[in-house]
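Chain nomenclature is as follows: A, B and C, assigned in order of appearance, with residue numbering initiated at 1 for each chain independently.
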Amino acid sequence: MTVETGTPATIVDTIQHEIPGIKVTKQGERRLRIDVARDSLPALLELLKGRLGFIHLSAISCVDWPETDEFELVYHVWSYERKTLASAHITIPRNPGRFVSVYDIHTPAGFYERDIHEMFGVVFVGAPNLRPFILTSWGGPPPMLKSFNTREYVNQTYEWVDYQPDWLKDVEAKGGGVEK
Amino acid sequence: MRPENYRPVSHPPSHEYELYFGPNHPGIEGNYAIRVRLKGDEVQEAIADGGYLHRGFEKIMEERLWIQNVALVPRICVPDPVPMEECYSRAVEQLGGLEVPARAQWIRVMMLEMSRICAHLFTFGGNAATIGFYTNMFWGVSMRDLFLDLFEEITGARIYHMYITPGGVRRDLPEGLLDRLAALLDDLESRLPDFEDLFFSNTVVINRATGTGTISAEEALAWGVTGPNLRASGLPFDVRRDDPYLVYPELEFEVPTMKDGDALARMMVRKAEVLESIKILRQVIARLPHIEGPVRCPLPNPLAWNIPAGDTFARVESSKGELGFFVVSTGGAKPWRVHVRGPSQMHAVQVLERLLARGRLEDIAQIMFSLDACPPEVDR
Amino acid sequence: MTGSEKVPVVTDQPETCRVADAEEKSLLRKVMDNFADHCRSRSLFVLHYCTGCGAIELPPTITSRFDMERVGVSPMVTPRQADLLLITGYLSVKTLKRVILSYEQMQAPKYVVGFGSCTINGGMYWNSYATVKRLDQYIPVDSYIAGCMPRPEAIQQVFLDLMAKIDAGKATAWQDYYLNYDAYLGRQMNLFGQDWHTPTDVVAEAKHYGYVGNGTTGEHTALLDQRATWSLDTVPELYPARGRNERSRP
C-alpha cells in the first residue's frame, strides 16, 4: 500500500489532471467536495482508491430532488493516510433511476446500494444483491421519495387512539368524566 | 397448530438444512435475524435479515424541525445514544456556522466517553453471556448502571439523554458531579481486575474466542470495518484521532490495537478502550473546572430556525465504529435529507454474513456480539 | 380493551372438550382457581424477545441491581414456556407479525405488557410509516407503562401490578383474544393483507379453553376456512417456498 504523500493540493491537482472538467472544492479542513459527471464517477473512485489512498467507502447517500427531477448520489470516501474525506456528488435522472454499481471497487457499496434501491427505487446495474432487506413487508412505493407522504399513509393505514370514545361522551353528558 | 398447516420436515439428501436464527432468539443481539444454511453444524451460508427495528428515521426527520430532531436521533442506536446526538448536532453546527463554547465541548467529550464506557461494559456482558459467563454479564450491567445514575443526574434520563443540542449542551453540570465521576472511575478501575480474572484471562474464554470470526487486516479494510473491530485487526485508525472533533486534539490517549482480528482480540480492544476512556475522563475532570463560560451559544427561536442551504458529512467515533451523518439543508426549517451511516450497517450485514459462513452454529452468537453489531442502527 | 364482561357463550362444543360452565364452578373449583391464580402470579416467565428499544432497560431489571427474580419474574427463551410477553416499545409491521406468531404460540393464560408511549399511541414515531400505532388492536394488552423509556422501577412496578391483577383473577386480556378473535384477525388482515394467517388454530384453542364468544368466528375466520389450499408458503417471507401443502381436510 504505497501512496503518494502530499497535501490536499496535490490531491486536487491529480484529480483535475486525470479527469478534466471536474470541480473540486475544499470544504473546510479534511473535507473535499467533488462535483463530477456521472459517467466519470467509477473512474474517479478508481483513481481515488488506487492512486490517492481513498480506500474506505464511508457511505453512499441519495438525495431526492423533485424540482429538477433528479437523484443526487454522494459517494463519501475516506483516506486513512491523507486524513481527508472526499464526497463525490453526481446527479442521475429520476426516470429511469438507474446507475452503475461500484461494488467491484468498494465492497461496502453492496449494502448502501441495496439500501438506496429499497428506499428510493434506484437500480444499480451490476450490484450483487438488490433483494429487499428492511422493507420485506412493504407493498408501497419507495418510502424515502419526496412524493411519498408518510403522514397521509399513516392516517390511511393505522387507527389513532380515540381519546373521546362514545361511552365517555355519555358519562360526560351526565356530568361525569375522567378523573384528572 | 392447524392440522392443515402441519408439514413433515424433509431433509434433502445433502443433509443441508436451513435454520432461522432470530429474531426471537436469546443468542441474537437485539431484534435481528439471520437465516443460516447448515451442514451438520457448519454454516454454509448466512443471510442477514433486518428491518425489525425500522422506524423510518430518515423519513420522519425530514418532517420535523431541526431542534425536534434532537429528540429523535439518540434513538437510532439504543446502547450508545450519545454519539448520535453529537454527530447530528455537529452536522447542524457545520451547516449553521455555530460555534460551540469551550466548556460545552469538554462536557460533550465527557458524555461521549461515559457513553463509550457504558456501551463497552454492556458488550462485555453480552459477549460473556453468549459463551455462558453470566456472572460477567451481571457485573458489566450493574457497573454500567452506576454510569446511568450519573447520566440521570446530568440530563434527567438514563438512556436517551437529548442533552447535546446544536450549539452546545442543554444545561451545565450539577455541582459536585465531577467528584462523583472521579470516584466512580476509581471504583470501575479497581473492579476491572476482577473482570480480567473472571473473563479475559480465563482459559475457557481464551480457547473459545481465539480464532473465532477472524478478520484479517486486508479484509477489514476491504469490507469497510471500522472502530474497535478494525483496531482488533491491527489497524490503529480512530476518528477521534484521524478526523478530530471537539477537544480531542488536546487530550492524550492511545488507540489500542490487537493483531489477531478474532473475537478475543475484539474483546481485548474494547477492554483497553475502557481504560483509555477512563484516562480521557480523568483529563476532563482535571481541566473542566478551569474552563468557564456558557454551555451553549445563543440560538434563534427554535420554532423558526432556518439553517442555511448546503450539505455536510459529520463523523464521530462511536463505541461501535465510524458514525456519520450526511445532512442536506435547503435553507428551510426542516432538514431536506438526513442520511445516517452507522458502523453496524457494515458489521451486521456484509461482514457478519461473510464471517458466519466460515464458522459453526455455536459461534453465531459469539461472532455477532464480538462485532458489537447494533441492529437499530442498521434498520434506522 | 383489557378484560371483557361478556360471559363466554359456548356453542358447538365437541364432546371431547371439557367445558367450564356455571354449574361446574363449584366452591371447590373457585378455591382451586384462586389458588392457581395465586401460584401463577408468583412465578412469571418473561419471553426473551427484544422487540424494541425498551429492551435496553431489561438487563438492569434482571441483573443484580434491581433483580426482578426476587419477585418471581425470570426470563424464558421459548414462547411455549413463557407467561408474559413484553412489547418493549415501538413495533414495526415486520416485527408485529413475529410478535403475533409468538403470542399465539404461548400457552394460556398469557399476559402482555406494552412498554412506553409507542405501544399506546405510536409515541414519537406517530408519523412513521413503519411502526404500528396501537398495540391493542392486534393483540390484547394487560398493562401499559407510560413514558419513554420506562425505568427499571417502572418495569418492576408493572410486574407487581400484574401479579396483583393475576392474583385477583383480573388479568383476563388473553380471553379477549379468543372471544373476539375475528376482530383481531380482521385488523391483522387489514395491515398484513388478506393472505395473512398463522400456523396456530386459534378457534380450536378457543373451543378447548371454553372461550368461544360471538366474536370468535366471523367473516375473517371464514376467510381462513374458505381457502381451498392452505399452505405455509403463502407467507413467503416467513417460510420460503418449498412446495405446497394441500389441505388435508375436505
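Assume contacts are C-beta pairs under 8 Å (C-beta built on N, C-alpha and C of every residue); 3 or more make two chains touch, one makes a residue touch a chain.
Not measured: the values here are computed from a predicted model.
If the chains shown are joined wherever they touch, the resulting network links each chain directly to all the rest.
Between A-C and A-B, more contacting C-beta pairs join the chains of A-B.
In this assembly, the C-alpha centroid of subunit B lies 33 Å from the C-alpha centroid of subunit C.
One finds 39 Å separating the Cα centroids of subunit A and subunit C. Mean C-alpha position of subunit A lies 21 Å from that of subunit B. Subunit C has residues 94, 127-130 in contact with two or more other chains.
Of all residues in subunit B, those touching 2 or more other chains are 51, 54, 56, 59-60, 63, 379, listed in ascending order. Annotation for subunit A: residues 136-137, 143, 148, 150-151 touch two or more other chains. For subunit B in complex with subunit A, the residues that touch the partner chain are 48-51, 54, 56, 58-60, 63, 94, 221-224, 226, 235, 237, 242-243, 311-313, 315, 322, 324, 326, 328, 336-337, 339, 341, 345-346, 349-350, 379.
Across the interface of their complex, subunit A is touched by residues 93-94, 97, 120-122, 126-130, 132-134, 137, 191-193, 237 of subunit C. Listing the residues of subunit B that touch subunit C in their complex gives 1-5, 7, 18, 23-26, 30-31, 51-56, 59-60, 63, 71-72, 75, 78-79, 122, 125, 137-138, 141-142, 144-145, 148, 158-160, 376, 379.
Residue ranges of subunit A in contact with subunit C, taken from their complex: 136-140, 143, 148, 150-151, 153-154, 157-161. Residues of subunit C that touch subunit B in their complex: 47-53, 55-57, 59-60, 63-65, 75, 77, 79, 90, 92, 94-95, 98, 102, 124-125, 127-131, 148-149, 151, 199-201, 204, 230, 232, 240, 245, 247-249.
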